[in-house]
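Input: one structure, supplied below.
Letters A, B, C, D and E mark the chains as written, and numbering starts fresh at 1 in each.
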Amino acid sequence: MTNEEKIKKELLERFGFSTEQIRVARERRVFLEVPHEQFRRVFEHAVNGMDFQHLCTITGLDDGDTLAFVYHLARLDGAVLSLKTRVPKASPVLRTISDLFPGGMIYERELADLLGARVEGLPEGNRYPLPEGWPDGQHPLRKDWKAEMLDGVYPKEEVKSHG
Amino acid sequence: MAWSLFNLLIFPGFLFLFVFGLAMEFVDRKLYARLQNRIGPPWFQPFADFVKLAAKEDIIPEEADSVMFRLMPAFALASVVTAFFYIPLWSTQSLFSFNGDLIVVIYLLTIPTLTFFLAGWHSTSLFSMIGATRTLTQLFAYEVPLFMAILAPALLAGTWSLSEMTVFYDQHPAYAAFNIIGLIVSLIALQGKLERVPFDIPEAETEIVGGTFTEYSGRFLAMFRIAIDIEAVVGASLIAAVFLPFGLGLGAAWGFVFYLVKVLAVIALLALLRTVLARLRIEQMVIFCWRIVAPAALFQLLINLILSGVLRP
Amino acid sequence: MKWLQKLITWARIKSPWIIHFNTGACNACDIEIVAALTPRYDIERFGILLKGTPRHADVLMCSGPVTRQIRDRLVRIYEQMPEPKFVVAVGTCACSGGVFKGCYNVKGGIDAAIPVSAYIPGCPARPEAIIDGVVKLLTSLQGAKPAPIADCGLQNADCPVGGQGAACPDLSGRRGGCSPQKAGLE
Amino acid sequence: MANFKIPIGPQHPALKEPESFTITLNGETIIEMDMRLGYNHRGIEKACEERSYIQAMYLVERVCGICSHSHSTCFIQAVEEIAGLAIPARAQYIRTIIAELERIHSHLLWLGVAGHEIGFDTLLMYSWRDREVVMDTLAALTGNRVNYGINTIGGVRRDISKEHLAGLLKTMDILEERTKYYIEVASEEITLIQRLSGVGFISHEDTVMLGAVGPTARASGVDRDIRRDDPYLAYKDIEFQVITDTHNDVYGRTLVRVGELMQCYSMIRQLVAKIPEGPVTVKAPRKIPAGEAFSRYEAPRGEDVHYVKANGTDKAERVKIRAPTLANLQSVARMMENNRLADVPIIIAAIDPCFSCTDRMIRINDTAGRRKETISWQALRTHSLEWYRKQGVDFKDLNAKMRQRMKA
Amino acid sequence: MIKPGKMLREVLTSFFQKPATVLYPYVKVLMPDRFRGKIRFLATLCIGCKLCMRDCPTNCITITKVGDKRFQAEFDLDQCIYCAQCVDSCPKKALESTADYELAQLQRNKLKMIYHAEPPPPQAAAPIE
């Protein structure tokens, strides 16, 4: 049995997912969609039980009515497990994973800035990557956001122009 | 009167020093470039830099102490030029001399460093201030070894006058060989005084921008730069006079040639030093000075003490 | 005092100290600027030194599109530089915003914030192109046309520049009998 | 004793991309570091959604000019995976050759920058002089020194001729000799070693925990390399070693990088020997079918990650880019603690933030901090730290642990 | 052996070597064959399909029809990233890369290149003032 199938099997058996939820895209690439309630449990198991010790990044997606978050976890043998979970766009609340991956903080800040996710339990800190003074409620990676929405709002006071 | 005015202003005074300083800066930069396998600046570069800076707008930062800010470059320049007059160059005679002028020269050479410190401190910019404190820290580290290294030959010669020292060594050239450790120590200390790699810690631009001179621009910066150039020449001349007292009795023309060669050699050595070494950290520099350089200088002092007892009963 | 003015202009042309500022570039232009300082291109030949503080600099070399966040800084650095000062936009991004034009956090080229004296397109601008741009800027400062090639000691066939019909830039400062060797190698 | 804060950036000699660090100092010793990122944020991810794949490819290439091939290849791999394109082997080899050449140029660049940060400009001059050889090769193969533009969806745009391959081998010989010399310098020049060893220490556990990648991680004994673990391009076909080191400091990072250089030369030799004949492109559709792909790539600075989601049009639905430096920056704060101001540039540069080559630091803070301590204190402190370390008590660890405990 | 001045021999040798510096701008530097410089437009070959415009990552080409089968091209050199994608995209080889990289100008408007459709000769290139 290949590695990917082992991963698939373990997840299927342990959490009783349907086969459609798990997709083995190719060698070493497994995609899994998890309901938000179950997410933390699966995530913890993947990290502690299945040895996915490296968080590559977190991708945020705007799917229209929901925001999807994909956590890309990697293992030393090269396998990458992409855990996807969705939250409603109206109340995009996530729980932080920075207790497991302190390095993941920066990716969560990115989600907060670019997609407007509210990450609970994320320690205070500088925002990333948007500049200070960026208007609240403007999240560039949302599909309904247009650059024109910045006009006149940011930057607030223009320095006197030489040009 | 007219003659001494000529001496002061033209030769071997300010104008000569100015030209000579710029020339030596060129030698240093060109050598540095060539050692790094590139072409380097054209010969007039230091002069062009000077003129350009002198003609540029000078900005005095609002927070800075403007009097000190303006005064310091002039101070630095004046002190190094003065020091020069006490050093015998191409004969055993310097322009001015008295017993104890050696001490005065060393003190005069400390003043520029102090002005760098004050200049940095009074710019009240963060980086200048860090640069200023580093300048002072470093001063404490290399100044004592330098003192000891330069006093040792004087001890051997039994005089505190530079001119008399050169007379002594002219008569007993072999004695100069005893001072070799002192020569090395003072070369290292001079490198520190000039704040160049590996001791360019106060100006380390990757850490603290321009260090002490971060806020300086235009005329004042030009003055500082020329002061440093002249300091290099004066320091090299001092080392030449104290440690390499050769060819002084050959008359003015030959003496002058010898003098040029000696100063060039010192400058070239310093350039080589900064090519092959990396910058130290401030505390490494201090440790290096106290653990290695100072004991070496002390050792030299002891040798000369014993020698002077043995050779000049 | 005409000679003094001439001397000062000469000095300015011979000693342009630069400061480099990245306004949001992709680094390629920046490394090409650094490459121009290293032995292969060695712009110290023209008296160019890289300085860390705007107070010491004459030329502000900008690379990259101006992001919204960096714009204030750019203006501030420009203001910190003493007169006379020049701005060189290195790379397509710095000229117009280039490939990033239209990105939401990008304001456009350098001239969206401060006046620019020379534009050097290229993505990234090669070190040669950077030298070319700087030389063009400096020659323009002379006001007059470059010195006539007639007083060069070289003959047609010997002059690497004149032979191609271009004006001699005379940046080496040597007059009469110059040659590629003399132009810097000796 | 008053602590004072020193702002570094957004323009700083050790930073190429503008980022701002605020460093709290006690004397010359760093107490704490605070980061402010995003000055360079241009909004590339959003722009990728608004451009066709071919346009986005050039845009992605310009995420970073130093590892341009990494980003564009990583992106294109994802796109090609979604489209189900089988890339000709020759194209894969060419991409691999360019990738390794890029690594050589990047590591040589880093070596010079590291030299510059510690005031050793001669090293900068020499390594950059030798780097020009690689740049010439890259320019000859691809047409440009940086931002090569060799990739296209479905293969590569330019083939490599026989003469090019022969030239490559010669270049490798020259570079190998030079690199051996640099290894000698790195292991023998005392001022260099003094400035590098013991600086920017980060433990193995912290490295894993903070998710550092690439040479930064490998210098702390984390044996992770995408080229071996998750092979892509032609890395399956060639043999190489993953260089690791256990110095855990800047010196270790230097050794890893020069070690990798030597590996690059042997890899390129193998690639040149094995490169198959054949076409270099397959026809690619303009519209990419719906799907998603996650692509990893070992850039010179570490793991580069792209996630692409396609929706059947000629524009991507979402492109997510995670550059290696972002992963590494988070360990910088840990590395800084208890080092000295003089070490800030080299520590930042040691993760090779690809913003490390140029020289620009701008004073942005006008508030003055007064400090009173004297040299004796400084020397004393250094001395005592040294002394305790010899006695087996390491304050570096202690302080870090204390702070962690306080945070918890 | 750890010692100071490890590079001493190297620097002394290079002192006696020829500098590694190229003499640009006094001596022109030749670009490699594949170099991608300024793009040249061969008006006679263009069929006006505008594939180049579609693929250009910076939208810096404008092809306009000025008459029957006659096209004019406008390039914003200050925006072109010299990727030569347009050259690859053009089905008729009406575009080509040149080795021209010395494009610096003191005014930005001089960076707009217009290749006129008329008169027909291939290098009808002239920057407008």
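Note that in this section a contact is a pair of C-beta atoms (placed from the backbone, for glycine too) under 8 Å apart; a residue touches a chain by one contact, two chains touch by 3 or more.
Keep in mind that what you see is a predicted model, and the values were worked out from it rather than measured.
Path length between chain A and chain D in the chain contact graph, taken as the least number of steps between touching chains: 1. With every chain reduced to the mean of its CA atoms, the largest distance from chain E is reached by B. By count of C-beta pairs in contact, B-D exceeds the other of the chain pairs A-C and B-D.
The chain with its C-alpha centre at the largest distance from the centre of chain D is B.
Centroids of chain B and chain E (each the mean of its C-alpha atoms) stand 51 Å apart. Separation between the centroids of chain B and chain C, computed from CA atoms only, is 34 Å.
Centre-to-centre, using mean CA coordinates, chain A is 41 Å away from chain E. Averaged C-alpha coordinates give centres for chain A and chain B that are 61 Å from one another.
Along chain D, residues 13, 38-39, 41, 43, 46, 58-59, 62, 122-123, 125-126, 129, 132, 147, 189, 191-192, 359, 361-363 each make contact with two or more other chains.
Multi-chain contact residues of chain B (touching two or more other chains) are listed as 33, 35-40, 205-206, 209, 214, 275-277. Residues of chain C in contact with at least two other chains: 38-40, 42, 45, 52-53, 69, 76, 80, 99, 104-105, 111, 123, 126, 172, 184-185.
By the contact rule set out at the top, the touching chain pairs are A-C, A-D, B-C, B-D, B-E, C-D, C-E, D-E. Those residues of chain C whose C-beta lies close enough to touch chain D in the complex are 19-35, 38-40, 50, 52-54, 65, 67, 69-70, 73, 76-77, 80, 99-100, 102-106, 123-124, 126.
Interface of chain C with chain E (complex): residues 39-42, 45, 92, 95-99, 101, 109, 111, 116-123, 126, 128-129, 131-133, 135-137, 140, 160-161, 164, 169, 171-172, 180, 183-185. Note for the complex: chain C touches chain A at residues 68-69, 71-72, 75-76, 78, 104-105, 111-115. Considering their complex, residues 4, 6-7, 13-14, 28, 115-123, 125-126, 129, 189, 191-192, 194-195, 340-345, 359, 361-363, 365-369, 371, 375, 378-379, 382 of chain D touch chain B. Residues of chain E that touch chain C in their complex: 18-29, 57-58, 76-83, 101-108, 111.
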